[in-house]
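One structure, pasted below without further comment.
Chains: A, B and C, in written order; residue numbering restarts at 1 for each.
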Amino acid sequence: MNYWINLAFKNILRKKQRTMLTMLPVVFGTAMLIFVLSMLEGVNNDSKANLRNYDSADLKIVSRDFSLDKKGFGVQEAFYVPEDLENFLNSSKFVKAHAKEVIFSGNLSDGTNKMAVICRGVDFEAYSKTFLTLAKVYPPVLELDKGVILIGEDIFKWYEMPYDSVFILQSRTGGGTFDAIDLSYDGLVATGNPKIDRTTVYMNIKDADEFLNLNSRISAIAVKLKNPSDLNRFINEIKPIIKKYPELKLISWEELAVDIIAIDSAKKYSSSVMIFIILIIGGVGIANTILLSVYERMKEIGTMRAMGASNSTIVKMFVFEGASVGFVAAAMGMILGTVLMAYISFVGIDIGGMVQDIDIGYPIKSVFRGQFDLLLAFRAGFFGLIIGIAASFYPAYRVVKENIVRTLR
Amino acid sequence: MKKIFSVVFLITLYLASSAMSIDDVLERVEKNMVRTNATYLSTMKIFSEDGDRSMQMKMYVKDEKNVLVEVIESSEGGKSRFLKKNDAMWLFIPSAGRSVLIKGHMLKEGFMGSNFSYEDISENRKLRDIYEITLEEDSLYYILTMKAKTDDAPYKLKKSYVMKDAFLPKKEEIYSSSNRLLKEFIIEDYKEMNGINVPTRILMNDLLQKENYTEMTYDKIDLTTKIPDSYFTKAYLER
Amino acid sequence: MAEIRIENLHKTYKTESQSVNALRGIDISIPQGSFLSVAGPSGSGKTTLLNIIGCLDKPTSGSVFFGDENIVPMNDGQLTVFRNRHIGFVFQDFNLIPVLTVYENVEFPLAINPFIKEKHENLIMKMLEMVGIADLKKRFPSELSGGQKQRVAIARALVKNPSLVLADEPTANLDSENAKNIMEIMKRMNAELKTSFLFSTHDKLVMDYASNIVRLRDGMIISGAVE
């Protein structure tokens, strides 16, 4: 074996410059791959965190008819909170906090402009423990009084109303009656989650209850776990209780993340396109280099074959060379990519000013961070190796198909 | 003597005025508003800050449970038909090639993107059943104040200013439970036909939005030609 | 391995325009330990004959027996194994692998040969000593003279202890001094190892070393067919 490794490396080093040039696309391709995937993963994590911190918590208990794409005005299907469910949530060892929400859609008007909004009636204390939202209110608030409204910063831009002005929130009661409530503006909500900032307003849950005539019914209980990875264990624990109430169901944050997951799969698709392109570019380069060296070494190979080297030995030799080029290149790419990945993961890129007005459908923070994932780097490196092997098969195959006598001439 | 005369006058006036009970007013208004066997050609104009739109439609009303509306022209080019049959409402969009049942929250939405909700034109229940009604009057109007008594009433609070001479509401005001005026319907014009007063121009103002209103004018009204029953079928809707 | 018998060997090269009868009924018998030269003018079929005996090419008809084994019907894989076990080659222009040292070049046949159990280092060093270049083992081919290169080639051909070494004009690229040396070495190896040598040549000097000479003309033997 040592003999062949030695031979392969000596052959690779025969044309150092050419080998370097061959490796370049693989090196940069691998590095780019790691970098971009890390970035996408970072975006993904950000949006998942955004979803959980501001929108979905870890889990929601909702009415069976709760629908993500409910249209029109009015309150989401509301339900009474069973006492044993509440007791369970208060005592479960998995639960960090839980908060009731009344969720309804309506029109928010300042008398001049009217905007469709999603309104959440919440209790300040419980909600603050379950979500980060109320910590992102400017100016900061320490409570959510009756009669006040907090407005997503992007909605607020539509109104340009002074602090302390009155908004009219118009919706339909639980029974469907057209009604409106006057609420005074108390702050704007800037979470970085576009769904919240662009569409959501917050009010006291008691206001919402009275306004919608719900008699203490609610739309959802959001549950935050002490440890998000306990989700499945918690679901198993809560299931028997939910089963008792056929009007209720559980939705985990992942189900609420369908948009993100859709983007996720689009992302996976585009990254596989990227991988494919790198594979082609790198592979063609390596195949070309191996093919060149095959033709240059035709007589040498003929000699080896005359001495009794089998076809498989010759193929292995070239594949080993290709794999080595691919591996070394991929390893270099891995190192470069990992350095870049470490940078964007631990330092981050400040894109605050850059993307303020760009709508990419993702919540964007001003400092963007990638995800540091060594496994990703190894996978990319492994790819380089595969490319090298795949690309050298054809040239090697070509040479063993040649007539020995002719190659010796 | 003078004093007695004035007392008698006041009593007469009182008797004359209270001669109209709430039911009387509602009945007279209903006679003008509810139509049977009517064909209209009407134009609806929707004004808003985002731009104005208009559409022309033909409406066939057999009675309150059989209504067919055909949009024959609209500024957006979209054509559609809709049928009210008993309590169900169907919308047919020819380009989609099928009809959908309008139900639930959709009923609360604006009819053809206007400020009228489907509910505004589809409510079959008697006002008495939905609202607690009180009557006041001044020299020009009977003022009906309607407070929702069921949780599924279309509006929380509604005031209707019925013209004493025509028995048509000059204006209807929609309030929130906290007495904020949210929208108003205004009958701008009407004419007398076959002994009833038929509105010919109606306005609906959304007061939560600047310069946002819908205007409905009836260009042709035919109360005599018999409409075939076949018009009020799903088959005709989807033809 | 007993003698090698070549019976009624024909080889016809077909090109687009014509067909060339390179060998026309060759019969030769080569006993174990021969030191046989094939001579003849250019184009007489020497290389063609050596290629067929060396299992590199196939005859149009006829048989080549190594002992009882006829190599003619064998497929490529079997021929490869056969070459690996039994045949060593010395080429006119040495054909050393340029990236490998002298030592590694000689090691090559052992690296691909699964039948050799003896320790490679011993075999290689023994061979290098026999051809007299043990001190050059770390050099690369580019650092050797033509004669030295050919000695490496001989060591390489013999290191796996084949029964037959084929050398197609081994001295054509050497001056007469070096040619003589090479012939001396081969003769000595032939004597010591009892390996059969079959070489082709134009060179009178080379022919003098041969114990037997087969003369070809136009693909036929004109003298020295059977020993």
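Side notes on the structure shown:
We take it that a residue touches a chain if its C-beta (ideal position, glycine included) is under 8 Å from a C-beta of that chain, and two chains touch if they have at least 3 such contacts.
The structure displayed is predicted, hence computed values, not measured ones.
Using the contact threshold fixed earlier, the set of chains in contact with both subunit A and subunit B is empty.
Nearest to the overall CA centre, using the mean of each chain's CA atoms, is chain A. Of all chains, B has its CA centroid at the greatest distance from the CA centroid of subunit C. Subunit A and subunit B have centres, each the mean of its CA atoms, that are 51 Å apart. The centroid of the Cα atoms in subunit B and the matching centroid in subunit C are 112 Å apart. Averaging C-alpha coordinates per chain places the centre of subunit A 67 Å away from that of subunit C. Contact residues on subunit A toward subunit B in their complex (touch as defined above): 70-74, 107, 109, 111-114, 168, 170, 172-182, 213. Against subunit A, the residues of subunit B that register as touching in their complex are 49, 104-106, 108-109, 117, 148, 150-156, 174, 176-178, 180, 182, 206-210, 212. Here subunit A touches subunit C in the complex through residues 3-4, 6-7, 10-11, 14, 299-300, 302-311, 313, 404-405, 408, going by the rule given at the top.
Residues 51, 54, 56-57, 76-77, 80-81, 83-85, 87-89, 91, 95, 97-100, 104, 107-109, 111-113, 156 of subunit C are the ones that touch subunit A when the two sit in their complex.
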